[in-house]
Amino acid sequence: MNSALLSTRGLTCRFGGLTAVDRVDFDVRPGQVHAILGPNGAGKSTLINLLSGELRPSEGEIHYRQRPIHGLPAHRVARLGIGRSHQKTNIFPRLSCLENCRLAARIHLGGVIASWRSRATARQVDERAEQALATCQLSHRAATPANAMSYGEQRQLQIAMVLATAPTLMLLDEPLAGMGREETARVTELLGALRGDYTLVLIEHDMDSVFALAERITVMVDGRVLETGTTDTIRGSSKVRDVYLGRHQQEEA
Amino acid sequence: QQNREDQATPVRLGLMLPYSGTYAPLGESITNGLKLAIKQNGDQLGGRPVEYVVLDSEADASKAPQNMSRLVKGDKVDVVIGPVHSGVAMGMLKVAKQTGAIMIIPNAGLGAATGQLCMPNVFRTSFSMWQDSYPMGKVAYDRGYRKVVTITWNYAGGKEDIAGFEESFTKAGGEIVKQILVPFPETQFQPYLTDIASIKPDAVYTFFAGAGAVRFVRDYAKLGLKDSVPLLGSGFLTDGNLDAQGEAAEGILTTLHYADGLDSEVDRAFREAYGKTYERKLDTYAVQGYDAGMMLAQALDQTQGNSADRDALISALAGVKLNSPRGPVAFSKAHHPIQNIYLRQVKEGRNQVIDVASRALEDPARGCRL
Amino acid sequence: MDPVFIAIQLLNGLQYGLLLFLIASGLTLIFGIMGIINLAHGAMYMIGAYLAYDLTLRTGSFWLALLLAVPIAVVLGLVIERLFLGTLYRRDHLYQVLLTFGLILVLNEAQRIIWGNDVQSVAVPPSLSGNITLTDNLQYPVYRLFVGSVCLLMAGGIYWVIRHTRLGIVIRAGAANRDMVEGLGIDVRTLFTLIFSIGVGLAAFAGMLSAPMTSLYPGMGDNVLITCFVIVVIGGIGSIKGAFLGSLLIGQAATFGPVLLPALASVIIYLIMAAVLIIKPRGLFA
Amino acid sequence: MLHRYPKRVPIMMLTLTAILVLYPLWGAALIGDGSEFFLEKLTLMLILGLFAMSLDLLVGVIGLVSLGHALFFGLAGYTLAMASPSYSAASLWWMMPLVMLVSALSALVIGALVLRTRGIFFIMTTLAFGQMLYYLVSDASFTGGSDGLFIMFKPTLAIGDLTLIDLENPLHFFYFVMGVTLLAYLFLHWLIRSYFGQVLDGIHDNEHRMQALGYATYGYKLAAFVISGVLAGVAGMLAAMQYGFANPAQLGWHLSGEVLMMVILGGMGTLFGPLLGAFAYELLHYAFEHLTVYWQLLMGLTIILIVLVLPKGLAGLILDPPRFRLPGAGMKGLFRSGPAALFKARLGPALPHEHDEGRHYE
Amino acid sequence: MNTFNASLSPPQTAQPLIDARDLHAYYGQSHVLHGVDLHLMPAETLSLMGRNGMGKTTTLKALLGFVTPRQGSVRILGKPTRKCRPWQVVRRGIGYVPEGRGIFPGINVHEHLIMAARPDAEGRSPWTLERVLDTFPRLAQRLQHDGALLSGGEQQMLSIGRALMTNPRIMILDEATEGLAPLIRDEIWRILGEIKASGIASIIVDKNIDNLLTIADRHLVLVKGSVVFDGDSAEISRDTSLLDTHLGMG
């Protein structure tokens, strides 16, 4: 528990009468890829929203590097080095791809003031943004306004933005959704390469990628944690098979 | 530049009046009256033809200085006639002060125009709030009213009017039991009237004009107050509004510098001529415009059409004596009309004169150092 | 103040609130539900009042005038939507604002050209011109009670249509995402034209009904407009219930405020709105 | 990207500046008798242009539509009127900072409250604050009530006894206003292209995402609100100086609405657009008023026409000059489906997939 | 099939439901579709494949009339769509599931479903509210929930359910199973199979190529707005290099 980069205790989130996240205890170890699985509406995205400060927990605690962060507003959480992507495309539609990434990079290199103060920092921001685009093979789109791109390309841009922030902890909510087969493979590989240097919390319904990437998996159902364990234990769990994976996936695996 | 202008070049009159919005009917009446006067003068002033430069003041005070400036500096008018609205007058006075342009106010009743802000080049052919309401205080007291509620819009004009009434009413020994100020231009009077009904005063004195006045008088009657609490008011309550007020206005007492049934020769002639020329019903505003025209006619006759020599024109204007439809009018040192204030009662849809409330009343022109 | 007068003031507030709702209901429809900011709403209200005035004079009957005027207003709404607004849905909402601002100018001027500058009034129809005596010196006009009940009926009707019919769902959906509604095979464009016209019809209808209670003058709609927006916003946008309760709230505030807190009379509704929005940034019933 | 314009924009701006600077050369010749007044009018247009630009920072750049911006404009006028000594001229050296300080403080306080809301709610809260101040000023007696206040002496701009610019002289005042407006333009131009401006663009597009990235958007918005308020204040001070008059109407919603119209008409978010918008609006107003007392009709029709034909306001006319490549069916379409076809024909089909409806008013 | 045949045989059997030829579409200046030909036969399932940004969505939008092709023609049920607005096209019997799901905020699940409800051309309604809710029990639990606040997967179910409520003759699904958990995903493929069996034709875009290969009769591969392949599953499986280069399947 002490080794955890991020941990939650009794985390609960209610919307009116609906308990979307119900007393969740959850630990993320540094440098690992931790996947969260669960049927639709299980509360995965809500959990991530709680971790990133976009929602306030109804109850429970979140600790990041042993310090409580529950109740902090989203921008403060982000400044602590917790970056995220959203399940629904969430970009700056009128801005070009490069500017999308620059905004992401700048805030993590000291914000506007730092760029104003030092030319070197400003240059670093540009470099980081360009690099992020290049990594996601969007360089040729640098000047295209985000809303003039196809859906899949926008999804890729989202990933590029997270990369540009280079956070210690990345919370990725279905990063592969909407991407084509090839793009999926590429981004999976990319995320794999980040393992070790970064800590990833990953929600994804693409099982091939999850099993390829994740070291630990937490399965949620109806807001509760059903099971947490290594990839292999989860794969073998019959409970998980019943509520989530289904027979077909199991056989393939 | 003092050289006499060619007799053929027209005298340029700038009309800065509201031609849109709530105050538009006033602007129209004043314009009608003015044009009638000049028409009767043979379409000339001091031997020169007349050219009108018409500008919609929009009753917008924030645009007043620039509009005035446009007339004076852009269109180079000889005299500006306007405005209707007191706030606009303030803006115009500022420019009048800077440029020395001659300005005749055919309506706006703010005291300051011929009070602390008075200046040689500014005249008024209408009234001041004080002048029209002051005589009513005594009338009310004489009629036996002791406790009176006043109600008006919360703006300078309304407050000045009420102050005039209060001054003479309390001096006579009456008491203002409540002063109600309605946010301008709110016309939802029901709550206030209910309040008045609960106070049960001897009478209500009010200043409202235009659409607000119509609504007030109608609501006053509809809620049944008319039969139990007499309504007194400044003449603008009913002037020009009687058609719209209908039955509800019958019996209301008001004071104003003009009335129906004055029945002087001048008045009869004026009414006839006006009725022939315009479809609009005649009202006090038209008289004010008419007198502005008459005033110009007299003064320019005296200067033989010279409008370039401002000082001469100003002293000519100051010396004007009008035999106006409203009775004799002369101008005080502050360039404000000295005139009769009539007590009127609404009878059969007319503001019938029943008495002269105050004869040849002069505005005290407080603060004026002319 | 004694209890009788408090009760009367409550009634005044209620009746004013209901009238406000009637005026605001068209705005809620057009603005709250269709998402179009129609600054010309007040001008439509004015046109309605003048139509009632004109047609009452011509036909001699207020009721006949109402019957004729409503369709005229609806057709006017139809023409405006088709010619102008219909082309703006995809653009920034502010262009609707600018366009309807232009419309205000045009409609105001049209009113002056057609009906002139004078203050006018409409007589209360004889069948409803009676009074109810409340105290020794105060009466209540029957017509106002009538208008109050019409407003209540309208409120109920509109609420039902928006909340409980498919039409209502489709309008709300169309405001959120027109293309998707088309993608379901629904003719949003015609629907929007229709609803807009009904909204205009409602504004004009409110003008007609209130004509016998107020005075008619150029630009009379401009003052009403802001109060209506205040109501719609206080209640929470898109909520008929909110607009209704907002109207009642403002009705009471405008009645008691000036009597109890005369110093704040002019700002009371703004004060309430600012307070509501600062505490609940999306309105009371969002 | 968003605020990078083709060369013709700066060229046009420079040309216009040059034309204005050279007014003494052509004014009298072209306008004739009224040239003195026209100079005043131009001065006023510049002031309104400055005012419109300040609003554009909110409306066009961040997407915060304010219907209470005249509050700062009028407040500055009152500050000037009430802080000016009665019998001598104030010095601009302290008057200007004072006005800016008052504007900044009021913008800070009001901004802190109104920025809690968004979209239409923001429009209405700004309106509410504007109206509250309006009534406060027009009900109170120390402000001169609804009649307003006079400013007896224009402030002076002098070092010791040496008058730098004689503000009483209309031409000097004109140059002074022009200088201020130009400085404000350059400042805003720099600002919106700076890193700070990029953050504002981001907030306009997707504030939620900005927060998730770590930006404290409220602070940025507040900063922009204050800057905008201060510039509006400067404009208001200049306007009050010009005629020496402060009136409640200068902070009412009518003026707020009018300046908003100038911004939209000119083209939101382009700075030079609103500047042009102010000029166009005032010129149209001036011209129509000259023509007829039914000027509102012409004005209204012109506005409607501009909205229908110029999808991005006047700025769009310069950024994306019309090519009038009417496709074959274009003319027929024009008659079939009304004015819509007019610009559809020019721009090609509207972009699909732009479900940004409701974004401003969610 | 050739046109000669089509004109001779009775419309129901041999006339394509959708017949698009030589579509050229633009966004402003940028040329996105370069002459796409596409036809869909009755009861046929067609998959549209290609990497991101190749023009799949644009093709679908061109069929529906959301994008007006500058060149080329679209016929649906034999009638041209040239002057039609999207709703008129859709009314011919198309159920549309757009990418990004197109859920309306402020409208609850129940309202989403009933607002779309419509019988088919023959006046039958095989898809009722009950049947949709049976198919997606999750939606039944969330009936009064605001659509915008649903989880991503729930929204996808709602989008599909809503399209089914129109009792379509043709289903067009863009990113059919995006965001769905594996169990539900399998369920969707099963339903699509069922739909196919009941004679409803469909065009499907999805990233799960294996499933597409199983379910679809024919496949279209788009590259930069042009069709580079049009054939059945057997053909596409034979041509592994095609999959490799254009779809990134190793």
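In this document, chain identifiers A, B, C, D and E correspond to the written order of the chains, with residue numbering beginning at 1 in each.
Everything below uses one rule, namely that a residue touches a chain if its C-beta (ideal position, glycine included) is under 8 Å from a C-beta of that chain, and two chains touch if they have at least 3 such contacts.
Because the structure is predicted, anything quoted here is derived from the model rather than measured.
Asker: Taking each chain's centre as the mean of its C-alpha atoms, which one ends up farthest from the centre of subunit D?
Answerer: The most remote chain is E.
Asker: What is the chain whose Cα centroid lies farthest from the Cα centroid of subunit C?
Answerer: Following the centroid criterion, the farthest chain would be A.
Asker: When the centre of a chain is set as the mean of its C-alpha atoms, what distance in Å lies between subunit B and subunit E?
Answerer: 75
Asker: If you average the Cα atoms of subunit B and of subunit D to get two centres, how far apart are those centres in Å?
Answerer: 37
Asker: Provide the C-alpha centroid distance between subunit D and subunit E, rounded to the nearest whole angstrom.
Answerer: Averaging C-alpha atoms per chain gives centres 49 Å apart.
Asker: Hunt down the residues of subunit B that sit against at least two other chains at once, touch-wise.
Answerer: Subunit B, residues with two or more chain partners: 20, 154, 181, 183-184.
Asker: Hunt down the residues of subunit E that sit against at least two other chains at once, touch-wise.
Answerer: Answer for subunit E, listing residues that touch two or more other chains: 27, 66, 105.
Asker: Which residues of subunit A are in contact with two or more other chains?
Answerer: Subunit A, residues with two or more chain partners: not present.
Asker: Under the touch definition given earlier, write down the residues of subunit D that touch subunit B in their complex.
Answerer: 33-34, 36-38, 40-41, 44, 135, 138-139, 145-148, 150, 242-245, 247-250, 252, 254-255, 286, 289, 293, 295-296
Asker: Help me check something: in the complex, which residues belonging to subunit B touch subunit D?
Answerer: 19-20, 54-56, 60-66, 69-70, 72-76, 86-87, 89-91, 94-95, 98, 110, 112, 117, 154-157, 159, 181, 183-184
Asker: Spell out the part of subunit D that touches subunit C in their complex, as residue ranges.
Answerer: 59, 65, 113-114, 116-118, 120-121, 124-125, 127-129, 131-132, 135-136, 139, 253, 257, 260-261, 264-265, 268, 294, 296-297, 299-304, 307-308, 311, 338-340, 343, 350-355, 357-358, 360-361
Asker: Can you list the residues on subunit A that touch subunit E in the complex?
Answerer: The contact residues of subunit A facing subunit E are 15, 37-42, 44-46, 87-89, 148-153, 155-156, 174, 177-186, 205, 207, 243-246, 248-249.
Asker: Spell out the residues on subunit D that touch subunit A in their complex, using ranges where they run on.
Answerer: Those in contact with subunit A are residues 1-2, 194-196, 198-199, 201-202, 204-206, 208-217, 353-354, 356.
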